[in-house]
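In the two assemblies presented below, chain A is common to both, partnered first by chain B and then by chain C.
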Partner chain A sequence: MKNKIILTIIFSSITLFGAEFAIVADKNFQLDSLNAKQTKDIFLMKRQFVKGVKVVPVNASATSKQRDVFEKMFLKMPRHRLTKYWTKMHFQGVRPPIVQASSKSIQLFVKNVEGALGYVPKSEIDATVKVLYEF
Partner chain B sequence: MSLNAQKYELGQGYVVHEYINIGGYFSIDYANGENVDKARLDDVAFLMYGKLPKAFSYFVEFEAAPFYEKDFLSDTSQKNTTFHYERAYMNYDYSNSVNFRAGKFITPIGYWNLVPINVLRDTSSNPLFSYRMFPKFVTGVESYGYTSEESDLKYNLFIQATDDIDEDYINIKNNLFVGSSIEYFADDAFSFGGSLAYFETKEIRKNVGLLQVNAKYDWYPFLIQTEWGYTNIDNTQTDRTEYQLGGYLQGMYNFTEQHVLVGRYEYFKDTQLGELADEHIALLGYSYRPVYAFSIKGEYQFHDDKNANKALLSLSVLF
Partner chain C sequence: MSFRIKIIALILLVSIVPYAFLMSYFGNTLRQRYYDNTLHEMQTQLSLNVEQIQQYLENIKRDMQFIGALDVMNDIYSLDVDRRISNLLEQKKVELELLGDFYVVDKNDSIIASSNSEKIFQKIDKEPFYSVDIISNINNEKIALLELEFSLKNFTKFFDNNDGQIYYIVDDGKPLFKSSSFEHFIVVRKALAFDDKIEIVLEKNQEDFLNELAHYEKLFILALLLGAIIIGWSAFILINKLIRPILELSHNVEEITKTKDYSKNIEVQGKDEIAKLAQAFKQMLSGIVKALKENELLNKEIEETQKEVVFTMGAIGESRSKETGNHVKRVAEYSKLLALFYGLSEDEAEMLKQASPMHDIGKIAIPDAVLNKPGRFNDDERKIMDTHAQIGYEMLKASNRPLLLAAATVAYEHHEKWDGTGYPRKLAGEEIHIYGRITALADVFDALGSDRVYKKAWDDERIFNLFKEQRAQHFDPKLVDLFFENLDQFLKIRDTFKDT
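Presenting the complex of A and B:
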């Protein structure tokens, strides 16, 4: 119940005040923006390249609020549907994106691994990464 | 910055190493009707896959099926404890549009054939279309991807010009199999596609041409899926030309995340079978999944020949 209230507050603030999260990559990433479909396909491992660049999506921790918001608001797939999706992908030899525990570690990973992409709250973005998409 | 900071989750395999993921599955089923009373430990399978350096990846799967079977009508039983190559291939990912696969892999035709194991299906049984019309596996090479960087049209081209890597373990033995398939993703819910293929069977030499179409509308909590195929069969031994026409229409409704009601109608005509050429089957089923990778299913099949009506129960797990 408590989680539902927190999520409702987060969703409401997104609706009222605009994008709260962003897809980020290293400053040297070859592209300056992504569209919603490209981003969704990347995080569902349907496409591995963007304009010829091999990409490495990074998920936030499964219990984090940003992961919950990302799945429900951006992917528009609740956790049980994603579980079904990744179970079928396991049979095809595809695993979900790797996980980093915090926004700080996501940005550190993105900075150090070529082609890596992660999502973080806009309020926690540091100067080492660039924003490719906001939601 | 561990690459493997993911805990184990049933149905998604275990990460041993960046290059090694392991998993497997099994199923138990029971069929009961006028002409059948049988229990099986059916699939027992292990799989291993992973990414390798330089855009390569691999996949290997071994399976024994039916592992153990008990026929209560004849009071007999049998075991098949030899594990066979179900899949064994390497991938090379070059771009969204051009990727290559070589080895033994699932024939990229339609929906059902791509997720053929009990735990990933929504019914215990398979429609006749899925195993009578074309070889379920290819031992050869494949190119696949999207037709352009941002296209929603996916393609597969494949060729087999040799025997199957494990001939004891394929539904239709052949030594030539070429084909292509496409799938268009109109949006997140709707997709449709089709395939063209040609193969030559081994024991009784038949030259077979296949035309297949499929469509799916996945709008939670509803899912409607259909596949149909036509084969033109040139039997070189009898000098006769026969054909098969078959397919299914299946609808599902998710009451909750765990409970699903399934209905299916299928039709199959095979002129090679003479009087038995036509089959109509209706099916009503129920599926319960406490978690997605653990499936308990029940169904009842209604056949033209009432003696073939039967109930099926199954339990299956992917780990």
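Presenting the complex of A and C:
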């Protein structure tokens, strides 16, 4: 119930204020920021390294609101195009980013896996991660 | 024991005994084979079960390896806070109907995810039954272990236990999950491939096996008996056929020995040794018959000769005294008749008939002057005349022939009288031999009824009166009575052998 309210707030605030999500990494991550192009390429698995640093993107679960918002507002690709894209990539041996179900698990994952990057609502960011990009 | 029984017993011994041995050998082989088959069948059954179990284990392993390679295992990094791994493991547990649990264990032996939610974040305390490495597909690092805690009871669902058979597990010598037990059983066991300390055991109730076997055994014994009966029966028939000629021969010989009928015919069949024996016996028999016939003929010849001689001797005596020849014949016939009435046997009567003609044989030694003197004798002449009895006796007594001895007796005693006034020995009553008594009566009866040189024939009435008078004086009273009782028969003889 609480989550639902939060999600409703998030959804409404996105449309109203724009930059409500952040790409986060572990505090010890070697880079301090990423630009939009780099982030997009990372999440489309076009690159695994940024400036020589290995990166591991983490998606939110496919049914979650923040995934929906991430794809529409940031990647600017609807689901059917993404599906087509990942199908094509599959034949080149590239699989979509691994998925974590909740913001909590995303941040735990990011903290525990070197080079892992995930997107979480700004309101749920805890002290263990640092923000690399906002949208 | 008869020949037939001996032969049958021998045949039975040489056929049934080996037959019985052979059959029981076959029976045992059959039983052994049946047992082996049962055992083999059980082994096959158990092998299939063990294979199934091993397949099941293989499947679990493969499932675990598959699970271990899934993307979702990256949730180990986030400590499975979303319980996606645990849910998956739980689902898998249900799907496999597993007794036991899956654990995802990190490097510190701490349980991150499990199909048993109570165990999460505890330390693993048991050696896993099976474990696979979980390697992250992000960085190819070994991030955890997927372990399986497994109960051997899982195998019991492959056990097809029923009244006749039970399965159970033996783990390091200890039986597990043994639901029941049989008193007598056949057992097969097989170790699992991944751990030879674990054996699957199949026990089958031996009673069932024996019952089933008993059914076959009954049939077998029935067949054995039937075979024995057929052998015995055919032996009986065969022997009967083979030794029947012998038995027939034996029977005939026995019959011939008993009845002394040597003319009995013996049939000869076939050309074997028995037939030859029968043939030989037949020839021997015909030889005997021939010899017997010849013997009989000779005997008859001798007898006839004897009779004739005796008769002729008698006739000679008669002829000297000029008495007619038929006197002798008549006396003979009267004597036989009296002897029969008196109660002597036919043989004796016949002998008397033949002997009586010689009663006056002694007269051949009496001088003609005395013998044929007409008129009465003086005392000297009477004395000479009376010696004929003694003389006749002396002539005949030396013989050892019964007929001649009888003739001697007749000659000696035919002038003795019942009251003891006769001659030569003045015997009386039953001291006189019956032959003498009979001949005396017969002689007097005929003599009185015939003409003699010294007298005319008496008429019947006078004779009968004399007989009545002389009853118990001259003659035996019993004989006189018999004479009168059967007078007509005597008269008939007199008529038949009349003097001409």
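Quick note on the criterion: the second predicted complex is superposed on the first by the 121 of 135 C-alpha atoms of A that agree within 3 Å, B and C clash if a C-alpha of one lies under 4 Å from a C-alpha of the other, contacts with A are read in each partner's own complex, and residues count from 1 in each chain.
Convention: a residue touches a chain if its C-beta (ideal position, glycine included) is under 8 Å from a C-beta of that chain, and two chains touch if they have at least 3 such contacts.
Just so it is clear, the model here is predicted, and its values are computed rather than measured.
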item: Partner chain(s) touched by A:Gln38 [first = chain B, second = chain C, both, neither]; value: first
item: Partner chain in contact with A:Lys104 - chain B first, chain C second, else both or neither; value: second
item: First, second, both or neither for A:Arg47, with chain B first and chain C second; value: first
item: Touching partner for A:Gly93 - first (chain B), second (chain C), both, neither; value: first
item: Partner chain(s) touched by A:Lys84 [first = chain B, second = chain C, both, neither]; value: first
item: A:Lys27 touches, of chain B and chain C: first, second, both or neither?; value: neither
item: Overlap of chain C and chain B interfaces on chain A (superposed complexes); value: 98-101, 105, 108-109, 112
item: Of chain A, residues touching chain B in the complex; value: 37-38, 47-49, 51-52, 54, 76, 80-81, 83-84, 86-88, 90-93, 95-96, 98-101, 105, 108-109, 112
item: Chain A residues within the chain C interface of the complex; value: 56, 98-102, 104-106, 108-109, 112-114, 116
item: Contacting residues of chain C [partner chain A, same complex]; value: 71, 74-75, 77-79, 81-82, 84, 137-139
item: Complex contact set, residues of chain B against chain A; value: 1, 3-6, 9, 11-13, 15, 21, 23, 25, 47, 49, 55, 57, 59, 93, 95-96, 114-115, 117, 120, 146, 149-150, 188, 220, 257, 291-293, 318
